[in-house]
Amino acid sequence: MVKVEIINGPIDFFPLNDNRDQDGAEIVFNGRVRAAEYDKIITALEYEQYEDMAESELKKVAEKTVKKFVIHDLFCKHRIGKVKVGQSSLHVVIRSKHRKEGFIAMNYFISALKDRVPIWKWAILEDGTKIPSDCTSS
Amino acid sequence: MIKIKIKCFSQVKYALGKKELVLELESGTTTQEVERLIRKKANRNLDIVSLSVAVNKKYISKSLVLNDGDEVAFIPPVQGG
Amino acid sequence: MVKVEIINGPIDFFPLNDNRDQDGAEIVFNGRVRAAEYDKIITALEYEQYEDMAESELKKVAEKTVKKFVIHDLFCKHRIGKVKVGQSSLHVVIRSKHRKEGFIAMNYFISALKDRVPIWKWAILEDGTKIPSDCTSS
Amino acid sequence: MIKIKIKCFSQVKYALGKKELVLELESGTTTQEVERLIRKKANRNLDIVSLSVAVNKKYISKSLVLNDGDEVAFIPPVQGG
């Protein structure tokens, strides 16, 4: 089963499901905002999305992952808006029969998400300035 | 003439200082031509930025002729996760 | 930081820690008992340990993983005793700066655990018979 | 003479029907000799099982001479996880 959500506000983690007969492996990934972005100190990131397209691309990527690898569940929440340092911007749960296919699927999914889903980061610096994340390196 | 909407994100928004543009163009204008126009408006600030193209919220892989009412986005490298 | 525990009874999952400045990635692995072991239907597994040695080997493996890869936290709970189908026998949390090193460390840790830690599975079949898990294949 | 304790797990326990054995052996007996003895007691049931060896709850990589009071385990392939 595939569930994807784009959320403006803190992520409620999917409950760990300790009641599955066929899934030997459950892998959870939480991606958090770190205190530095390209070596500049930040207080938060602000995630911008291309509305509707972000969610539909996320869904496509999730469905492709589930089809490509033999996994049962792929649940994903991606946050948009302001996310403070230390908080999760991305939460993914994959359930599969075996661990190996689960890890491969998780890596594939996150890479594909980072490659295709129209979401961008703006860095919020200590003085309050907001700049596209890439420009923090210049 | 056709009217199209350009959605601007991330570095494109930063370079143009706008979230959205509406352009009136001649019929037959292609996404490639619009991209050239946008890069010009950005005053060299997008010269080193690679842009993917979405028409009506779907990625396209080669230049298309635009239709009246189309929504176009020139998508800088995405950064989800 | 390394925490390892061998537990006789249900696993309390470590809380997901949404308050970390330096760890961009949190990876959780839950290994569950599946309804079949080598194609035979089972109702539970019973995990047997070599007391003291299992925990000390688990700790060694965890410490080696933390040292070998640049990760901040490795927390692990392994259950022993009877674990019903659907329940978790293994719970691991790894926190690291980046996702890639976290996944590599997780794979390394689980493989090393499966290679070195003296814990064994007994299959409990539908008729109540208890046999070493390997013998379910014969 | 020395007295050693053998801990039996998984297939070793299953083959011998025992969790623990106490053996009295001549001084100078090695882990390899005890392993041969255990395999013999198991009546061919451990013939295809590879066994690692732990003395006093630590893996050893080559045969050792045992001391009085040692605890020895012949460890079949482990199955944690």
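The letters A, B, C and D name the chains in turn, as written, and every chain counts its residues from 1.
Criterion: contacts are C-beta pairs under 8 Å (C-beta built on N, C-alpha and C of every residue); 3 or more make two chains touch, one makes a residue touch a chain.
Just so we're on the same page, UniProt names per chain: A, C = Molybdopterin synthase catalytic subunit.
Since this is a predicted model, take the numbers as computed values, not measurements.
Rounded to a whole number, the gap between the C-alpha centres of subunit B and subunit C is 50 angstrom. Rounded to whole angstrom units, the spacing between the C-alpha centres of subunit C and subunit D is 26. Averaged C-alpha coordinates put the centre of subunit B at 73 Å from the centre of subunit D.
Chain contacts: subunit A has residues 31, 110 touching two or more partner chains.
A linear topology is adopted by the chain contact network, the touching chains following one after another without closure. Contact between chains, per the stated criterion, is found for A-B, A-C, C-D. Residues 7, 9-11, 13-14, 54, 57-59, 73, 75-81 of subunit B are the ones that touch subunit A when the two sit in their complex.
By the touch criterion stated above, subunit C contacts subunit A in their complex at residues 10, 13, 16, 18-35, 85-88, 97, 99, 103, 106-107, 110. The touching residues of subunit C, when paired with subunit D in their complex, are 31, 47-48, 50, 52-54, 56-57, 78, 89-90, 110, 113-122, 131-135.
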